[in-house]
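So, here's a batch of structures to check.
Below are two complexes that have subunit A in common, paired first with subunit B and then with subunit C.
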Partner chain A sequence: MSLRPYLTAFGLQWKIGLRYRIAVVAGLVAQMWFGAVTLMAYASVYHAAPDVQAPLSLRQAMTYTWIQQSLFTLLPLGCLPAIGDAARTGAIVYDLLRPVDMWNWWLSASLARLLGNAVPRAVLLACVAGPLAMLVGLGAWSLAPPASLISAILALVSITLGALLSATIVMGWNILTARTLSPLGSYAVGTPLAVLLSGMLLPLPLYPDWIRPFLLVQPFAGITDIPIRIYLGTPIPGGVATGLGLQIFWLAALTLLGRLWMRQTVNRLEVQGA
Partner chain B sequence: MQTPLSTSDAITVRDLRKTYRIREGGSWRGKTRDIVALDGISFSVPKGQIAGFIGPNGAGKSTAIKILSGILRPSSGEVQVNGLVPWTNRVAHVARIGVVFGQRTQLWWDLSVGEGLALLRDIYGVEPERFARNRARLADALDLGGIMDQSVRQLSLGQRMRAEIAASLIHDPDILILDEPTIGLDAPSKLAVRAFVHELCQDRGTTVLLTTHDMHDIEALAERVIVIGHGRILADSPFEDLRTTTLSERILELDFHDTPPELTLPAGASETAREPHSITITFDPRQIPAPALVAHVGHLPGLDDLRISRPSIDEIITRFYADHAA
Partner chain C sequence: MPDMPHSPSRTLGPVGLYRRMAGASIVAQLRYPGTFIIQAIGNFVTTLLSFFGIWSLFHRFGSIAGWDIGTVAVLYGLVNVAFAVAETLGRGFEVFGGEYVRTGSFDRLLLRPRSTLLLLLGHELRLRPIGRFLQGLFVLVAGLWLAPHVQWSALLVLPWAVAGGAAMFLGVLIGQAALCFITVEGLEVVNVLTYGGVEAGQYPLTMFGRWLRRFITFVLPLAAVCYYPALFCLRHPDPLGLPIWIGALSPSAGFAFLGVMVFAWQRAVAGYVSSGS
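Entry: the complex of A and B
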C-alpha cells in the first residue's frame, strides 16, 4: 500500500492550516491575554496561602499554563473543518469514492490540520513567553525551561503521542459528523470535553485528590497534560512510563474502537439526494 | 453466488433490491418504516456503451448509482462492475471508475484546478508521464487551458463542471458515472459536455452510465435508455423504440389566411385545436401515413402553410411516466 495519498492529505491540510496567518496572530494575542490573566490569578491565590503544599509550585503552574495556552489548537475541539463542510454539502460522497483507507486518509488530514494550527502558534508563544519575557525582566512570569535534558526528550516523545491521540479523538468527531451530516454536534460535545478534561481550564494536577486518579486515566489527559508533567518533571503516579503507557493504551484502544465505528458508519452512510 | 455473472459486460446488475429503514417522528422510540427504493432491478451494460438511466424524482436512480459506485450497500442482489463487487472490493473498485455528481464538487475550493488534479494524481497513484498526457488531453478537450491556475471557488458553473469531468477522468477509469452532469449549464456548455462524452466513448471505449433530467442529454448521447420508476425497470430499449411504443403520434399544423373550413378527417386523425387562422391535427402514422393525410388536406381553400412535427422528448417521457403511474 502506497503512503502517497496519506502524505498528500497531510500536506494539503498542513498548508491550509498555515494559510490563515492572521488567525495565528489573533490566536496568539488571545492566548497571551488568557495566559496572563490566569497567571495573575495563580499569583494571588499562591501568595494568599503560602503555607499550603500545592501539587505544583507557582512557577510550575505558570509554565503549565503557558504550554497549555500555546497548544490550545492541538486540542480535539471538533471535527476537521473540511469534513464538516463536505458533510453539509454532500461532497462527502467523494471521500468514499477515493481508493484509500478512509481511516488513514482522514487521520492524516486531521493530524496535519492540528499540527498546522498548533506548531506555528506554539513556537511563537514559546519565544514570547520564554526568552523574550526573561529579557524584558518578567522572568518570574515566564515559561520555565524543561526540568532536565531527559525530561525535554521524553516530553517531545510524549507530545508526539499526544498529537496522534488528539487526531484520533478528532476522528471520533469526524465520524459523528459523517453520521449526523452536520459538524455542529462535534463542536458542541468536543469543545467543552477537550477544554475541561485536557487541563486547559485548570491544570489536572490542581484538582482535588479524590478526582485526580480519574482525570489522569481518561484519554484527554494524554494530549497535553501528561507531556507537560513530563516537561516539568512533576511526579506522575507510577512514573513517566505510566504516563507514556496511558497515552499508548488510549491511542491503541481509540484506534480500534474508531475503526470499528467507522466501518459501521461507512456501511450505513446514506448521503441525501444526488 | 449462483451462476457467475457475465464478464464481457462492464456492468451487470441482477435482482438488485434496497430497502431503507427510516425512523418516523425523529424520536428515539419512534416507529420505523421500510421504504423500498429498489425492488429487484436487473440490467447489464456492455463495454463502451453509453446508457441513459432516467426516471422521475424518487424513482430509485440515485440509490442504484450509489450502489454501483460502491458507496452504498444493497439489501440483496448481485452487482459486478469490471468484474468486481463494488461494496465488497470498495478500494479496488473505486480506483477503476470515475464519478461526477453534478450537484456536488470533488475539487478543492481552496486550490486551483491544476493543484486539484495533481492531488488526484497522488490519490490514484497515476504515474507522472501518464498524468502529464491525460492532463494535456483533458485540458485540450475540455478547454481548461485558461482556468488551470484559477482557484475552484472562482470558476463559473460551466467551467467548474468541465473541471469536474476532467477530475473524474485523470486516472483513466474504464467506467464513467455521470449524475446530472449538465444541471444548471447554459446551452454552449451543455453542448460541449455532450460532445466530450460522446468522443470519450468513441475514442477510448469508456463505458458511460448517465442519469439526467435533461432529455436532450439522453437524445444526444444515449444509445439506450433504461427507465426506472417505483424501484423497478419500466423500459430498457433504444430511445426510438420508446418513442414508437409510447407516443408515436405526429402533429400536423395548418395555417389559413381566413377562417379555416370545417374538416372531414380520415380514420386515425383528429382535430385537436382550432384557432382563428389555424388548425392542429393529431394523427397516428400507422393508421394514416403523413403523405396521405397531406394529400387529403392539401386542396383545402385558403391554406397557406403546413408543418408536421413529432412530440418533443419531454412530452414522450411525461406521457411514459403518466402511463406507468411513475
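Entry: the complex of A and C
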C-alpha cells in the first residue's frame, strides 16, 4: 500500500484552504471582534467578583479565549464541503471506484482542509494577540506565553492529536452526509455541538462544577480544550497523561466506530443522479 | 404558483407582490419538511446553548454592577428576537453578492418596473430563524417574569424596540449588499456587525471598554435598540447617567440607521456597472 494517494488528497485540500487570502484577513477581523467582546465581558465579571475562586485566572481565561478564537476553523463544524457537493450531484460514486482505502482517503482530505484553514489564521492571530498586543501596550489583554517549555512541547503534541480527532469527527459528518445525500444535516448538528462542547462558547473549566467532569470526558474536549489546558498549565484531574490518554482513547474509539459505520453505509449506498 | 390565477389586466401593488413572492418562498421551503424541521431545531438549540454559556458565567460570578442573569436575559432575548426578524426578511441582501452581482442576474432585476429593494426582500422569506426567534422570546419572557419592577408600559416599548432592532439589522444587511457593488463577493467582515452585534448586544453596555461602547452607540445604534429599551422595561437606572425615558424613544435610531443605509443603497444602484456574464 502506498501513501501517495493520501498525500495527494491532503495536498489538494491544503492548497484550497490557503487559496482564499482575503477570507483569512476577513476571518481575522471577525475573530478579533469576538475576542474583544468576550474578553471585555470576562474582565468585567472577574473584576466585579474578586473573591470568587474561579478555576481559571482572568489572564488564563483571556489566553484560553484567544487560542480558541484562533483555532475556530479547526473545529468539526460540518462535513468536508467537497463531499457535500459529491453527495448532492452523485459524484460520490467516483470515490467509491478509486482503488484506495476510502476512510484514509477522506480522512486525509478532511484533515488537510481543517489545517489549511486553521494554520494561517492561528499564526496570524497569535502574532496579533501576542507580541503585537504587547507592543501597543495591551499586555494585560494579550495572549500569555505557555506555562513552561515542557508544557509548550506537550501542548504541541496534544494539538496534533486534537487536529486528528477533529478530522475523525468530520468523518462522522461525512458519512452522515453520504447517507442523507445533503450536507445541511451535518452542519445543523455539527456546529452547535462543536461550538459548545469544545469550549468555544465558554471555556470548559468555567461551566458549573457539576457538569465539568462530563465536559472533560466527551470527545470534543480533546480538540482544543485539553491542548489549551496543557499550554496554560492548569490542572487536569489525573495530570497531563489523562488528557493525552483521553485524546488517544477517543481517536481509537471513533476511528473504529466510524470505519464500521462507513462500511455499512457504503454497502447500502444509493447514489443520486445519473 | 398555479393556484393563483394570473390576470394581465390587473397589476399588483407592492404589498400584493411581496405577499405573492413570500408565499412562493414559504411553499418552496416547506417542500422539504424534514430539512426545514432539522434546521429550525438546530437554530433553536444553537441559540439556546449560547444562552447556557452566559448563564454559566453569571452563575459562577454572580451579579455584575446590578445586572443579574434575569436582567441579562431581557437584553439577550431582545437582541435575538430583533435579529431573527431581520434574518427572516433580509435573506436576499445576505446572498446578494454571490447570487446577483457575481452572476450578473442583478441586471434582470433592474429591468423590472419595481423597486430593487422590494424585489430583493421578496427573494426569500426565510423560515429557519424561527428557532432563534422562539428561543429569544422564551428567554425574554422568562427574564421579565423574574425582574421585580416591570410595569405595563414595558409591553408597549418591547415591540417598538424589537422593530427598531430589526430595522437596524436589516440596515446592516442592506449596507452589506450595497458594498457588494464594489467587492462583488460578499464580505464576511460584515458578520462582525450582524452576528457580532448579537454577541455584543446580549451583554450590558457598561461591561465594555469606552471605544466599543462608543461604537455600538454612535456608529451602529445597537445600544439604542437594545440596552436603553431594556433599562426602561426593567426600571433600571442608567449607570452612565441618562434619564430613563430615553429608552422609550431611542429605538427610532434603528429606523434612522435603516434610512441611511437605504440612501446608500440607492446611490450604489445608480452607479452600478454590470459584471457581465
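Keep in mind that, in the parts below, the second predicted complex is superposed on the first by the 273 of 274 C-alpha atoms of A that agree within 3 Å, B and C clash if a C-alpha of one lies under 4 Å from a C-alpha of the other, contacts with A are read in each partner's own complex, and residues count from 1 in each chain.
One rule holds for everything that comes next: a residue touches a chain if its C-beta (ideal position, glycine included) is under 8 Å from a C-beta of that chain, and two chains touch if they have at least 3 such contacts.
This is a predicted model, so every value here is computed, not measured.
With the C-alpha superposition on subunit A as described, subunit C and subunit B fit side by side in the combined arrangement.
The vertex angle at subunit A, taken between the C-alpha centres of subunit B and subunit C once both structures are aligned on chain A, is 90 degrees to the nearest 10.
Within the superposed three-chain model, A:57 lies out of touch with both subunit B and subunit C [touch as defined at top]. Judged by the touch definition given at the top, the superposed model places A:37 against subunit C, while subunit B stays out of reach. Of the two partner chains, neither subunit B nor subunit C is touched by A:148. By the document's definition of touching, of the two partners only subunit C reaches A:185; subunit B does not. Of the two partner chains placed by the overlay, only subunit B lies in contact with A:98; subunit C stays clear of it. When the shared chain is aligned, subunit C comes close enough to touch A:208, but subunit B does not. When the two complexes are overlaid on their common chain A, residue A:2 makes contact with subunit B while staying clear of subunit C.
After overlaying the two complexes on the shared chain, residue contacts for A:89 are found with subunit B alone; subunit C is out of touch.
Taking subunit B and subunit C in turn and counting the residues of subunit A each one touches, the greater count comes from C.
Taking the two complexes aligned on chain A, the least Cα distance separating subunit B from subunit C is 9 Å. Residues common to the contacts of subunit A with subunit B and with subunit C across the two structures: none. Every residue of subunit C that touches subunit A in the complex is listed here, in rising order: 35, 38-39, 41-43, 45-46, 49-50, 52-54, 56-65, 187-189, 191-192, 196, 199-200, 203, 206-209, 212. Residues 2, 4-5, 7-8, 12, 16, 19, 89-91, 93-94, 96-101, 267, 269-271, 273-274 of subunit A are the ones that touch subunit B when the two sit in their complex. Those residues of subunit B whose C-beta lies close enough to touch subunit A in the complex are 20, 62, 65-66, 69-73, 90-92, 94-95, 97, 99, 101, 103-106, 108, 110-111, 119, 122-125, 179.
Listing the residues of subunit A that touch subunit C in their complex gives 23, 26-27, 29-30, 33-34, 36-38, 40-42, 44-46, 48-49, 52, 54, 182, 184-185, 187-189, 191-192, 195-196, 201-202, 206-208.
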